[in-house]
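Each of the two complexes below includes chain A, the first together with chain B, the second together with chain C.
Here is the complex of A and B:
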(Lines of atoms letter the chains of each structure in order from A and count residues from 1; the text may use other names and numbers.)
(Lines give C-alpha, C1' and ligand atoms only; values in the text may rest on other atoms or scores of the structure.)
Protein backbone atom coordinates (compact mmCIF):
# COMPACT_ATOMS: atom_id res chain seq x y z
CA UNK A 1 0.00 0.00 0.00
CA UNK A 2 1.35 3.42 -0.91
CA UNK A 3 2.45 5.91 1.67
CA UNK A 4 -0.28 8.55 1.79
CA UNK A 5 1.25 11.21 4.03
CA UNK A 6 4.23 12.74 2.24
CA UNK A 7 6.44 15.71 3.02
CA UNK A 8 6.24 18.12 0.07
CA UNK A 9 8.58 20.78 1.38
CA UNK A 10 9.87 22.32 4.59
CA UNK A 11 11.42 25.57 5.70
CA UNK A 12 13.38 26.05 8.91
CA UNK A 13 14.31 29.69 9.29
CA UNK A 14 18.00 30.38 9.77
CA UNK A 15 17.20 34.08 10.08
CA UNK A 16 14.07 36.19 10.39
CA UNK A 17 11.71 36.41 7.43
CA UNK A 18 8.70 38.59 6.76
CA UNK A 19 6.83 35.72 5.17
CA UNK A 20 7.21 32.10 4.22
CA UNK A 21 5.92 30.78 0.90
CA UNK A 22 5.46 27.31 -0.47
CA UNK A 23 5.07 27.65 -4.23
CA UNK A 24 4.60 25.29 -7.18
CA UNK A 25 2.54 22.92 -5.03
CA UNK A 26 1.74 19.98 -7.30
CA UNK A 27 -1.81 18.72 -7.78
CA UNK A 28 -0.56 15.24 -6.94
CA UNK A 29 -2.34 14.91 -3.61
CA UNK A 30 -5.87 15.07 -2.27
CA UNK A 31 -5.36 17.17 0.87
CA UNK A 32 -2.67 19.45 2.25
CA UNK A 33 -1.45 19.71 5.83
CA UNK A 34 0.78 22.53 7.02
CA UNK A 35 2.37 22.08 10.44
CA UNK A 36 4.23 25.03 11.88
CA UNK A 37 6.03 26.23 14.95
CA UNK A 38 6.31 30.00 14.74
CA UNK A 39 7.20 33.10 16.68
CA UNK A 40 7.07 36.68 15.40
CA UNK A 41 8.84 39.89 16.32
CA UNK A 42 6.33 42.67 17.13
CA UNK A 43 6.12 44.18 20.60
CA UNK A 44 3.69 42.46 22.91
CA UNK A 45 3.06 38.85 23.78
CA UNK A 46 1.09 37.85 20.71
CA UNK A 47 1.04 38.41 16.98
CA UNK A 48 -1.67 37.63 14.48
CA UNK A 49 -0.84 34.99 11.95
CA UNK A 50 -2.34 34.93 8.46
CA UNK A 51 -2.34 32.86 5.31
CA UNK A 52 -2.70 33.72 1.64
CA UNK A 53 -3.36 31.32 -1.22
CA UNK A 54 -2.08 31.76 -4.78
CA UNK A 55 -1.04 35.37 -4.00
CA UNK A 56 -4.73 36.30 -3.97
CA UNK A 57 -5.08 39.76 -2.38
CA UNK A 58 -8.79 40.15 -3.08
CA UNK A 59 -11.44 40.02 -0.37
CA UNK A 60 -11.97 36.28 -0.73
CA UNK A 61 -11.13 35.12 2.78
CA UNK A 62 -13.35 34.58 5.80
CA UNK A 63 -13.29 32.66 9.03
CA UNK A 64 -15.00 31.84 12.28
CA UNK A 65 -12.81 31.21 15.29
CA UNK A 66 -13.11 29.81 18.77
CA UNK A 67 -10.48 30.80 21.30
CA UNK A 68 -9.77 30.40 24.97
CA UNK A 69 -8.25 33.86 24.92
CA UNK A 70 -6.66 34.64 28.27
CA UNK A 71 -7.34 31.25 29.76
CA UNK A 72 -10.35 32.28 31.79
CA UNK A 73 -13.10 32.73 29.23
CA UNK A 74 -13.87 31.37 25.82
CA UNK A 75 -14.78 33.63 22.97
CA UNK A 76 -15.63 33.55 19.32
CA UNK A 77 -15.39 35.95 16.44
CA UNK A 78 -15.29 36.07 12.70
CA UNK A 79 -13.78 37.88 9.74
CA UNK A 80 -15.68 38.38 6.51
CA UNK A 81 -14.50 39.33 3.04
CA UNK A 82 -10.93 39.78 4.24
CA UNK A 83 -7.78 39.98 2.15
CA UNK A 84 -5.96 37.41 4.28
CA UNK A 85 -7.01 34.23 6.02
CA UNK A 86 -6.74 34.41 9.80
CA UNK A 87 -4.96 31.55 11.56
CA UNK A 88 -4.95 32.80 15.13
CA UNK A 89 -2.24 34.03 17.46
CA UNK A 90 1.37 33.11 17.81
CA UNK A 91 4.05 34.16 20.30
CA UNK A 92 5.73 37.54 19.94
CA UNK A 93 8.57 39.55 21.49
CA UNK A 94 7.45 39.81 25.09
CA UNK A 95 6.20 36.25 25.33
CA UNK A 96 8.20 33.89 27.48
CA UNK A 97 11.59 33.34 25.85
CA UNK A 98 11.91 30.36 23.53
CA UNK A 99 8.16 29.78 23.31
CA UNK A 100 6.71 29.24 19.87
CA UNK A 101 3.08 28.91 18.85
CA UNK A 102 2.16 25.69 17.10
CA UNK A 103 -0.55 25.12 14.59
CA UNK A 104 -1.82 22.62 12.09
CA UNK A 105 -3.68 23.74 8.99
CA UNK A 106 -5.70 21.13 7.07
CA UNK A 107 -6.95 21.89 3.56
CA UNK A 108 -9.05 19.11 2.05
CA UNK A 109 -9.61 18.81 -1.69
CA UNK A 110 -7.22 21.64 -2.49
CA UNK A 111 -7.46 21.07 -6.24
CA UNK A 112 -11.26 20.91 -6.39
CA UNK A 113 -13.16 23.35 -8.58
CA UNK A 114 -15.02 24.69 -5.58
CA UNK A 115 -14.50 27.16 -2.77
CA UNK A 116 -11.94 25.89 -0.29
CA UNK A 117 -12.86 25.33 3.37
CA UNK A 118 -10.01 24.68 5.76
CA UNK A 119 -9.42 23.97 9.41
CA UNK A 120 -6.69 25.28 11.67
CA UNK A 121 -5.86 24.36 15.24
CA UNK A 122 -3.51 26.74 17.02
CA UNK A 123 -1.97 26.48 20.47
CA UNK A 124 0.42 28.53 22.52
CA UNK A 125 1.16 28.52 26.21
CA UNK A 126 3.56 30.77 28.09
CA UNK A 127 3.40 29.68 31.72
CA UNK A 128 2.46 33.15 32.84
CA UNK A 129 -0.82 34.69 33.82
CA UNK A 130 0.20 38.13 32.66
CA UNK A 131 1.02 37.06 29.15
CA UNK A 132 -1.80 34.61 29.10
CA UNK A 133 -2.20 31.65 26.89
CA UNK A 134 -4.45 30.82 24.05
CA UNK A 135 -5.54 28.22 21.67
CA UNK A 136 -7.95 28.42 18.81
CA UNK A 137 -9.93 26.34 16.41
CA UNK A 138 -10.58 28.12 13.17
CA UNK A 139 -12.93 27.39 10.30
CA UNK A 140 -11.62 29.22 7.26
CA UNK A 141 -12.95 29.66 3.76
CA UNK A 142 -11.17 30.83 0.61
CA UNK A 143 -13.80 31.72 -1.93
CA UNK A 144 -11.92 30.70 -5.04
CA UNK A 145 -12.36 27.69 -7.30
CA UNK A 146 -8.73 27.54 -8.47
CA UNK A 147 -6.45 24.78 -7.30
CA UNK A 148 -4.14 25.90 -4.52
CA UNK A 149 -0.63 26.13 -5.96
CA UNK A 150 1.01 28.39 -3.39
CA UNK A 151 0.63 29.12 0.31
CA UNK A 152 2.12 32.13 2.05
CA UNK A 153 2.31 32.55 5.82
CA UNK A 154 2.54 36.16 6.88
CA UNK A 155 1.38 38.87 9.28
CA UNK A 156 -1.02 41.75 8.80
CA UNK A 157 1.71 44.30 9.43
CA UNK A 158 5.42 44.71 8.93
CA UNK A 159 6.33 41.84 11.19
CA UNK A 160 8.67 38.92 10.71
CA UNK A 161 8.96 35.32 11.75
CA UNK A 162 12.00 34.82 13.96
CA UNK A 163 14.86 32.38 13.57
CA UNK A 164 14.01 28.73 14.28
CA UNK A 165 10.42 29.07 13.13
CA UNK A 166 9.59 25.89 11.22
CA UNK A 167 7.09 25.14 8.46
CA UNK A 168 6.35 21.69 7.07
CA UNK A 169 3.97 21.12 4.18
CA UNK A 170 2.60 17.60 3.69
CA UNK A 171 0.47 16.10 0.96
CA UNK A 172 -2.09 13.42 1.70
CA UNK A 173 -3.28 11.25 -1.14
CA UNK A 174 -6.37 9.07 -1.26
CA UNK A 175 -5.40 7.52 -4.60
CA UNK B 1 2.78 -1.76 2.65
CA UNK B 2 5.52 0.80 2.19
CA UNK B 3 8.13 0.40 4.88
CA UNK B 4 7.43 2.82 7.69
CA UNK B 5 4.05 3.93 6.37
CA UNK B 6 1.81 4.68 9.32
CA UNK B 7 -0.91 6.78 7.65
CA UNK B 8 -2.74 4.85 5.00
CA UNK B 9 -5.85 5.25 2.94
CA UNK B 10 -8.35 2.53 3.74
CA UNK B 11 -11.06 3.59 1.32
CA UNK B 12 -12.40 6.65 -0.43
CA UNK B 13 -15.80 7.47 -1.84
CA UNK B 14 -16.51 10.18 -4.39
CA UNK B 15 -20.20 10.34 -5.12
CA UNK B 16 -20.88 9.78 -8.81
CA UNK B 17 -24.51 10.49 -8.15
CA UNK B 18 -26.21 12.20 -5.25
CA UNK B 19 -26.82 10.03 -2.20
CA UNK B 20 -28.21 10.63 1.27
CA UNK B 21 -25.60 8.51 3.02
CA UNK B 22 -22.10 7.15 2.61
CA UNK B 23 -20.97 3.96 4.33
CA UNK B 24 -17.53 2.52 4.84
CA UNK B 25 -17.92 -1.14 5.66
CA UNK B 26 -15.67 -4.13 6.36
CA UNK B 27 -13.13 -1.91 8.13
CA UNK B 28 -10.28 -4.17 9.17
CA UNK B 29 -8.74 -4.03 12.62
CA UNK B 30 -5.31 -3.49 11.05
CA UNK B 31 -4.71 0.00 12.37
CA UNK B 32 -4.69 1.73 15.73
CA UNK B 33 -6.78 4.81 14.95
CA UNK B 34 -9.05 5.97 12.16
CA UNK B 35 -9.34 9.39 10.54
CA UNK B 36 -12.33 10.26 8.37
CA UNK B 37 -12.01 13.32 6.13
CA UNK B 38 -15.21 14.79 4.69
CA UNK B 39 -13.67 17.41 2.49
CA UNK B 40 -16.39 19.23 0.59
CA UNK B 41 -19.78 18.54 2.04
CA UNK B 42 -22.67 20.18 0.21
CA UNK B 43 -26.26 18.96 0.36
CA UNK B 44 -29.00 19.23 -2.24
CA UNK B 45 -31.32 21.31 -0.10
CA UNK B 46 -32.08 22.50 3.37
CA UNK B 47 -29.74 22.89 6.32
CA UNK B 48 -29.44 19.45 7.87
CA UNK B 49 -26.86 18.43 10.43
CA UNK B 50 -24.37 15.66 9.91
CA UNK B 51 -24.95 12.32 11.63
CA UNK B 52 -22.60 9.40 12.23
CA UNK B 53 -23.41 5.80 13.08
CA UNK B 54 -21.13 2.87 13.72
CA UNK B 55 -21.70 -0.78 12.79
CA UNK B 56 -25.29 0.01 11.82
CA UNK B 57 -26.20 0.49 15.47
CA UNK B 58 -29.44 2.48 15.68
CA UNK B 59 -29.95 2.09 19.43
CA UNK B 60 -29.61 5.01 21.83
CA UNK B 61 -25.92 4.35 22.40
CA UNK B 62 -24.48 7.67 21.29
CA UNK B 63 -23.73 10.93 23.04
CA UNK B 64 -21.68 14.02 22.35
CA UNK B 65 -20.46 17.26 23.89
CA UNK B 66 -19.25 20.22 21.90
CA UNK B 67 -17.53 23.57 22.18
CA UNK B 68 -18.37 25.86 19.30
CA UNK B 69 -17.65 29.29 17.97
CA UNK B 70 -20.55 30.93 16.19
CA UNK B 71 -18.55 33.97 15.22
CA UNK B 72 -20.06 35.99 18.06
CA UNK B 73 -19.88 33.73 21.10
CA UNK B 74 -18.36 30.56 22.41
CA UNK B 75 -21.07 28.07 23.23
CA UNK B 76 -21.18 24.57 24.55
CA UNK B 77 -23.82 21.87 24.51
CA UNK B 78 -24.40 18.15 24.57
CA UNK B 79 -26.71 15.36 23.56
CA UNK B 80 -27.23 12.05 25.34
CA UNK B 81 -28.93 8.75 24.63
CA UNK B 82 -29.15 9.37 20.91
CA UNK B 83 -29.38 7.00 17.96
CA UNK B 84 -26.36 8.57 16.28
CA UNK B 85 -23.73 11.18 16.89
CA UNK B 86 -25.44 14.39 15.92
CA UNK B 87 -23.73 17.52 14.79
CA UNK B 88 -25.88 20.42 15.89
CA UNK B 89 -24.69 22.74 13.16
CA UNK B 90 -25.92 22.97 9.63
CA UNK B 91 -24.70 21.80 6.30
CA UNK B 92 -25.90 23.87 3.34
CA UNK B 93 -26.54 23.74 -0.38
CA UNK B 94 -24.00 26.27 -1.61
CA UNK B 95 -20.73 26.45 0.33
CA UNK B 96 -18.67 23.33 1.05
CA UNK B 97 -17.68 22.67 4.62
CA UNK B 98 -15.05 20.31 5.98
CA UNK B 99 -15.43 17.82 8.81
CA UNK B 100 -12.70 15.65 10.33
CA UNK B 101 -13.39 12.66 12.56
CA UNK B 102 -10.70 10.91 14.59
CA UNK B 103 -11.63 7.58 16.16
CA UNK B 104 -9.11 6.42 18.71
CA UNK B 105 -8.42 2.74 19.45
CA UNK B 106 -11.37 1.82 17.28
CA UNK B 107 -10.83 -1.92 17.63
CA UNK B 108 -10.37 -1.96 21.40
CA UNK B 109 -12.79 -3.66 23.80
CA UNK B 110 -13.92 -0.42 25.43
CA UNK B 111 -16.45 2.25 24.52
CA UNK B 112 -15.37 4.29 21.49
CA UNK B 113 -14.53 7.97 21.71
CA UNK B 114 -14.28 10.12 18.60
CA UNK B 115 -13.06 13.68 18.18
CA UNK B 116 -14.85 15.73 15.53
CA UNK B 117 -13.64 19.04 14.15
CA UNK B 118 -16.15 20.92 11.99
CA UNK B 119 -15.00 23.81 9.78
CA UNK B 120 -18.10 25.51 8.48
CA UNK B 121 -17.38 29.15 7.77
CA UNK B 122 -19.75 30.79 5.27
CA UNK B 123 -18.28 34.30 4.97
CA UNK B 124 -20.48 36.09 7.45
CA UNK B 125 -22.12 33.16 9.12
CA UNK B 126 -21.18 29.60 9.96
CA UNK B 127 -19.25 28.06 12.79
CA UNK B 128 -16.29 26.10 14.04
CA UNK B 129 -16.65 23.28 16.53
CA UNK B 130 -14.65 20.82 18.54
CA UNK B 131 -16.88 17.90 19.45
CA UNK B 132 -16.29 14.71 21.36
CA UNK B 133 -18.57 11.80 20.59
CA UNK B 134 -19.06 8.54 22.45
CA UNK B 135 -20.40 5.26 21.13
CA UNK B 136 -21.22 3.03 24.08
CA UNK B 137 -20.25 -0.25 22.52
CA UNK B 138 -17.30 -2.53 23.17
CA UNK B 139 -17.37 -3.89 19.62
CA UNK B 140 -14.65 -2.95 17.18
CA UNK B 141 -15.78 -0.35 14.68
CA UNK B 142 -16.20 -2.19 11.40
CA UNK B 143 -18.45 0.24 9.57
CA UNK B 144 -19.13 3.97 9.58
CA UNK B 145 -22.21 5.56 8.06
CA UNK B 146 -22.40 9.27 7.28
CA UNK B 147 -25.98 10.54 7.13
CA UNK B 148 -27.81 13.79 7.83
CA UNK B 149 -30.80 14.82 9.87
CA UNK B 150 -33.08 15.55 6.89
CA UNK B 151 -32.05 12.52 4.84
CA UNK B 152 -31.40 14.79 1.88
CA UNK B 153 -28.78 13.96 -0.70
CA UNK B 154 -25.13 14.86 -0.56
CA UNK B 155 -24.20 16.33 -3.93
CA UNK B 156 -22.37 14.55 -6.70
CA UNK B 157 -18.65 14.94 -6.19
CA UNK B 158 -18.81 14.81 -2.41
CA UNK B 159 -15.72 13.02 -1.18
CA UNK B 160 -15.19 10.98 1.95
CA UNK B 161 -11.89 9.30 2.72
CA UNK B 162 -11.12 6.94 5.58
CA UNK B 163 -7.51 6.67 6.70
CA UNK B 164 -5.90 4.23 9.08
CA UNK B 165 -3.13 5.27 11.45
CA UNK B 166 -0.89 2.56 12.76
CA UNK B 167 1.08 2.74 15.98
CA UNK B 168 3.06 -0.45 15.39
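Here is the complex of A and C:
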Protein backbone atom coordinates (compact mmCIF):
# COMPACT_ATOMS: atom_id res chain seq x y z
CA UNK A 1 0.00 0.00 0.00
CA UNK A 2 1.39 3.35 -1.02
CA UNK A 3 2.00 5.49 2.01
CA UNK A 4 4.00 8.46 0.84
CA UNK A 5 3.55 11.23 -1.70
CA UNK A 6 6.75 13.19 -2.21
CA UNK A 7 6.98 16.14 -4.56
CA UNK A 8 9.94 15.42 -6.84
CA UNK A 9 9.67 18.53 -8.97
CA UNK A 10 7.19 21.06 -10.34
CA UNK A 11 6.93 23.57 -13.12
CA UNK A 12 4.59 26.51 -13.63
CA UNK A 13 5.04 27.89 -17.11
CA UNK A 14 6.06 31.53 -17.21
CA UNK A 15 5.50 31.53 -20.98
CA UNK A 16 4.08 29.11 -23.51
CA UNK A 17 5.94 25.88 -24.31
CA UNK A 18 5.32 23.05 -26.78
CA UNK A 19 6.47 20.44 -24.31
CA UNK A 20 7.45 20.08 -20.67
CA UNK A 21 9.96 17.46 -19.56
CA UNK A 22 10.96 16.19 -16.15
CA UNK A 23 14.42 14.66 -16.59
CA UNK A 24 16.86 12.87 -14.27
CA UNK A 25 13.95 11.39 -12.31
CA UNK A 26 15.40 9.62 -9.26
CA UNK A 27 14.93 5.85 -9.09
CA UNK A 28 14.25 5.91 -5.36
CA UNK A 29 10.46 5.55 -5.44
CA UNK A 30 8.08 2.75 -6.31
CA UNK A 31 5.54 4.63 -8.44
CA UNK A 32 5.21 8.04 -10.06
CA UNK A 33 2.24 10.40 -10.16
CA UNK A 34 2.02 13.41 -12.43
CA UNK A 35 -0.69 15.98 -11.78
CA UNK A 36 -1.24 18.82 -14.20
CA UNK A 37 -3.49 21.74 -14.93
CA UNK A 38 -3.07 22.68 -18.57
CA UNK A 39 -4.50 24.66 -21.43
CA UNK A 40 -3.21 24.64 -25.00
CA UNK A 41 -3.32 27.14 -27.81
CA UNK A 42 -4.69 25.46 -30.99
CA UNK A 43 -8.00 26.49 -32.48
CA UNK A 44 -10.95 24.55 -31.11
CA UNK A 45 -12.37 23.82 -27.71
CA UNK A 46 -9.95 21.07 -26.77
CA UNK A 47 -6.56 19.59 -27.63
CA UNK A 48 -5.08 16.13 -27.33
CA UNK A 49 -2.38 15.52 -24.74
CA UNK A 50 0.45 13.03 -25.14
CA UNK A 51 3.36 11.67 -23.17
CA UNK A 52 6.84 10.50 -24.09
CA UNK A 53 9.17 8.47 -21.88
CA UNK A 54 12.98 8.65 -22.00
CA UNK A 55 12.85 10.71 -25.23
CA UNK A 56 11.61 7.61 -27.12
CA UNK A 57 10.05 8.71 -30.42
CA UNK A 58 9.68 5.18 -31.84
CA UNK A 59 6.34 3.37 -32.24
CA UNK A 60 6.47 1.85 -28.75
CA UNK A 61 3.27 3.27 -27.30
CA UNK A 62 -0.20 1.76 -27.20
CA UNK A 63 -3.38 2.74 -25.43
CA UNK A 64 -7.13 2.30 -25.12
CA UNK A 65 -9.32 5.26 -24.28
CA UNK A 66 -12.86 6.06 -23.28
CA UNK A 67 -14.23 9.60 -23.48
CA UNK A 68 -17.55 11.21 -22.69
CA UNK A 69 -17.17 13.08 -25.96
CA UNK A 70 -19.47 16.05 -26.42
CA UNK A 71 -21.75 14.97 -23.59
CA UNK A 72 -24.22 13.41 -26.02
CA UNK A 73 -22.21 10.76 -27.79
CA UNK A 74 -19.24 9.15 -26.11
CA UNK A 75 -16.34 7.67 -28.00
CA UNK A 76 -13.65 5.12 -27.50
CA UNK A 77 -10.71 3.72 -29.39
CA UNK A 78 -7.16 2.52 -29.22
CA UNK A 79 -3.69 3.10 -30.62
CA UNK A 80 -1.43 0.12 -31.18
CA UNK A 81 1.92 1.45 -32.40
CA UNK A 82 1.97 5.15 -31.67
CA UNK A 83 4.95 7.46 -31.45
CA UNK A 84 3.51 9.14 -28.36
CA UNK A 85 1.41 7.83 -25.48
CA UNK A 86 -2.10 9.23 -25.33
CA UNK A 87 -3.01 11.11 -22.13
CA UNK A 88 -6.42 12.58 -22.93
CA UNK A 89 -7.79 16.05 -23.58
CA UNK A 90 -7.39 19.54 -22.28
CA UNK A 91 -8.90 22.96 -22.93
CA UNK A 92 -7.83 24.93 -26.00
CA UNK A 93 -8.35 28.33 -27.58
CA UNK A 94 -12.10 28.48 -28.04
CA UNK A 95 -12.88 27.10 -24.58
CA UNK A 96 -14.06 29.63 -22.05
CA UNK A 97 -11.23 32.01 -21.23
CA UNK A 98 -8.91 30.94 -18.44
CA UNK A 99 -10.37 27.45 -18.10
CA UNK A 100 -7.77 24.74 -17.71
CA UNK A 101 -8.15 20.99 -17.95
CA UNK A 102 -6.79 18.68 -15.26
CA UNK A 103 -5.18 15.32 -15.57
CA UNK A 104 -3.51 12.75 -13.40
CA UNK A 105 -1.08 10.17 -14.70
CA UNK A 106 -0.13 7.13 -12.62
CA UNK A 107 2.91 5.02 -13.46
CA UNK A 108 3.45 1.98 -11.24
CA UNK A 109 6.86 0.29 -10.92
CA UNK A 110 8.61 2.81 -13.14
CA UNK A 111 12.04 1.29 -12.53
CA UNK A 112 11.03 -2.33 -13.19
CA UNK A 113 12.70 -4.28 -16.00
CA UNK A 114 9.41 -4.75 -17.80
CA UNK A 115 7.13 -2.86 -20.16
CA UNK A 116 5.59 0.14 -18.44
CA UNK A 117 1.81 0.44 -18.08
CA UNK A 118 0.24 3.73 -17.12
CA UNK A 119 -3.20 5.13 -16.52
CA UNK A 120 -4.52 8.62 -17.02
CA UNK A 121 -7.68 10.46 -16.08
CA UNK A 122 -8.46 13.84 -17.63
CA UNK A 123 -11.29 16.19 -16.76
CA UNK A 124 -12.23 19.50 -18.29
CA UNK A 125 -15.23 21.75 -18.34
CA UNK A 126 -14.91 24.34 -21.05
CA UNK A 127 -18.50 25.55 -20.80
CA UNK A 128 -19.15 25.49 -24.52
CA UNK A 129 -22.43 24.22 -25.86
CA UNK A 130 -21.21 21.87 -28.54
CA UNK A 131 -17.79 20.63 -27.44
CA UNK A 132 -17.95 20.29 -23.68
CA UNK A 133 -15.55 17.38 -23.47
CA UNK A 134 -15.56 16.45 -19.84
CA UNK A 135 -13.82 13.21 -18.98
CA UNK A 136 -11.47 10.70 -20.50
CA UNK A 137 -9.90 7.57 -19.07
CA UNK A 138 -6.86 6.02 -20.70
CA UNK A 139 -5.00 2.78 -20.18
CA UNK A 140 -1.57 2.99 -21.79
CA UNK A 141 1.60 1.00 -22.25
CA UNK A 142 5.16 1.98 -23.11
CA UNK A 143 6.78 -1.12 -24.58
CA UNK A 144 10.24 -0.65 -23.17
CA UNK A 145 11.98 -2.35 -20.25
CA UNK A 146 14.25 0.55 -19.28
CA UNK A 147 13.63 2.44 -16.06
CA UNK A 148 11.78 5.66 -16.67
CA UNK A 149 14.16 8.57 -16.16
CA UNK A 150 12.33 11.30 -18.05
CA UNK A 151 8.72 12.17 -18.81
CA UNK A 152 7.62 14.64 -21.48
CA UNK A 153 4.13 16.09 -21.84
CA UNK A 154 3.28 17.42 -25.28
CA UNK A 155 0.58 17.63 -27.92
CA UNK A 156 0.07 16.18 -31.37
CA UNK A 157 1.14 19.06 -33.57
CA UNK A 158 2.71 22.48 -33.35
CA UNK A 159 0.72 23.43 -30.29
CA UNK A 160 1.85 24.86 -27.00
CA UNK A 161 0.85 24.81 -23.37
CA UNK A 162 -0.13 28.32 -22.36
CA UNK A 163 1.31 30.40 -19.55
CA UNK A 164 0.38 29.23 -16.05
CA UNK A 165 -0.05 25.61 -17.06
CA UNK A 166 1.25 23.67 -14.06
CA UNK A 167 2.95 20.31 -13.71
CA UNK A 168 3.70 18.44 -10.48
CA UNK A 169 5.66 15.18 -10.34
CA UNK A 170 5.34 13.05 -7.22
CA UNK A 171 7.09 9.91 -6.11
CA UNK A 172 5.30 7.23 -4.12
CA UNK A 173 7.08 4.67 -1.95
CA UNK A 174 5.53 1.50 -0.65
CA UNK A 175 7.68 1.24 2.44
CA UNK B 1 9.91 35.77 -30.52
CA UNK B 2 10.55 32.59 -32.47
CA UNK B 3 8.37 30.36 -34.63
CA UNK B 4 10.21 27.23 -33.51
CA UNK B 5 8.23 25.39 -30.82
CA UNK B 6 10.09 25.49 -27.53
CA UNK B 7 10.61 22.66 -25.07
CA UNK B 8 10.98 23.25 -21.34
CA UNK B 9 13.06 20.72 -19.43
CA UNK B 10 13.25 20.48 -15.64
CA UNK B 11 16.17 18.50 -14.22
CA UNK B 12 14.78 16.76 -11.15
CA UNK B 13 18.25 16.29 -9.62
CA UNK B 14 19.52 19.84 -9.94
CA UNK B 15 16.33 21.83 -10.31
CA UNK B 16 17.79 23.50 -13.39
CA UNK B 17 15.22 24.59 -15.99
CA UNK B 18 16.30 24.85 -19.62
CA UNK B 19 14.44 25.91 -22.75
CA UNK B 20 15.38 24.65 -26.23
CA UNK B 21 13.76 24.22 -29.65
CA UNK B 22 12.01 20.92 -30.33
CA UNK B 23 14.18 18.44 -32.23
CA UNK B 24 13.28 17.19 -35.70
CA UNK B 25 12.42 13.76 -34.26
CA UNK B 26 10.10 15.30 -31.67
CA UNK B 27 8.32 17.37 -34.32
CA UNK B 28 8.01 14.32 -36.58
CA UNK B 29 6.50 12.25 -33.76
CA UNK B 30 3.95 15.01 -33.12
CA UNK B 31 3.02 15.05 -36.80
CA UNK B 32 2.47 11.28 -36.82
CA UNK B 33 0.29 11.53 -33.71
CA UNK B 34 -1.67 14.41 -35.24
CA UNK B 35 -2.39 12.40 -38.38
CA UNK B 36 -3.43 9.37 -36.33
CA UNK B 37 -5.79 11.51 -34.23
CA UNK B 38 -7.28 13.09 -37.35
CA UNK B 39 -7.77 9.69 -38.98
CA UNK B 40 -9.49 8.33 -35.86
CA UNK B 41 -11.74 11.37 -35.58
CA UNK B 42 -12.74 11.05 -39.23
CA UNK B 43 -13.47 7.35 -38.84
CA UNK B 44 -15.58 7.96 -35.74
CA UNK B 45 -17.53 10.73 -37.46
CA UNK B 46 -18.14 8.51 -40.48
CA UNK B 47 -19.31 5.67 -38.27
CA UNK B 48 -21.65 7.97 -36.35
CA UNK B 49 -23.08 9.33 -39.61
CA UNK B 50 -23.68 5.81 -40.94
CA UNK B 51 -25.44 4.76 -37.73
CA UNK B 52 -27.68 7.83 -37.92
CA UNK B 53 -28.48 7.19 -41.58
CA UNK B 54 -29.21 3.51 -40.94
CA UNK B 55 -31.48 4.42 -38.04
CA UNK B 56 -33.42 6.94 -40.13
CA UNK B 57 -33.82 4.44 -42.96
CA UNK B 58 -35.05 1.74 -40.58
CA UNK B 59 -37.56 4.11 -39.01
CA UNK B 60 -38.86 5.09 -42.42
CA UNK B 61 -39.37 1.43 -43.38
CA UNK B 62 -41.21 0.74 -40.13
CA UNK B 63 -43.46 3.73 -40.72
CA UNK B 64 -44.13 2.53 -44.25
CA UNK B 65 -45.53 -0.77 -42.96
CA UNK B 66 -47.87 0.99 -40.57
CA UNK B 67 -46.08 1.44 -37.22
CA UNK B 68 -46.87 4.63 -35.36
CA UNK B 69 -44.14 7.01 -34.21
CA UNK B 70 -44.67 5.88 -30.59
CA UNK B 71 -44.36 2.23 -31.61
CA UNK B 72 -41.15 2.93 -33.50
CA UNK B 73 -39.75 4.85 -30.56
CA UNK B 74 -40.63 1.99 -28.21
CA UNK B 75 -38.48 -0.40 -30.24
CA UNK B 76 -35.34 1.56 -29.47
CA UNK B 77 -35.92 1.84 -25.71
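Note that the second predicted complex is superposed on the first by the 171 of 175 C-alpha atoms of A that agree within 3 Å, B and C clash if a C-alpha of one lies under 4 Å from a C-alpha of the other, contacts with A are read in each partner's own complex, and residues count from 1 in each chain.
One rule holds in what follows: contacts are C-beta pairs under 8 Å (C-beta built on N, C-alpha and C of every residue); 3 or more make two chains touch, one makes a residue touch a chain.
It should be emphasised that the depicted structure is a prediction, and the values quoted were computed from it without experimental measurement.
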Fit or clash between chain C and chain B when superposed on chain A: fit
Which of chain B and chain C A:28 touches, first, second, both or neither: neither
Angle, in degrees and to the nearest 10, that opens at chain A between the C-alpha centres of chain B and chain C: 100
Which superposed partner A:108 touches (first chain B, second chain C, both, neither): first
Which of chain B and chain C A:140 touches, first, second, both or neither: first
Touching partner for A:158 - first (chain B), second (chain C), both, neither: second
Which of chain B and chain C A:174 touches, first, second, both or neither: first
Touching partner for A:17 - first (chain B), second (chain C), both, neither: second
First, second, both or neither for A:77, with chain B first and chain C second: both
Where chain B and chain C come nearest after superposition, their Cα distance in Å: 10
Residues on chain A lying within both footprints (that of chain B and that of chain C): 73, 75, 77
Complex contact set, residues of chain A against chain B: 1-5, 30-31, 62-67, 73-78, 80-81, 106, 108-109, 112, 114-119, 121, 137-141, 143, 172-175
Of all residues in chain A, those that touch chain C in their complex: 8-11, 13, 16-26, 48, 50, 52, 57, 73, 75, 77, 79, 82-84, 152, 154-158, 160, 169
Residue numbers on chain C that touch chain A, as the complex places them: 5-15, 17, 19, 22, 25-34, 36-37, 40, 44, 48
In the complex, chain B residues that touch chain A: 1-2, 4-9, 12, 37-40, 42, 67-75, 95-98, 100, 117-124, 126-130, 157, 159, 161, 163
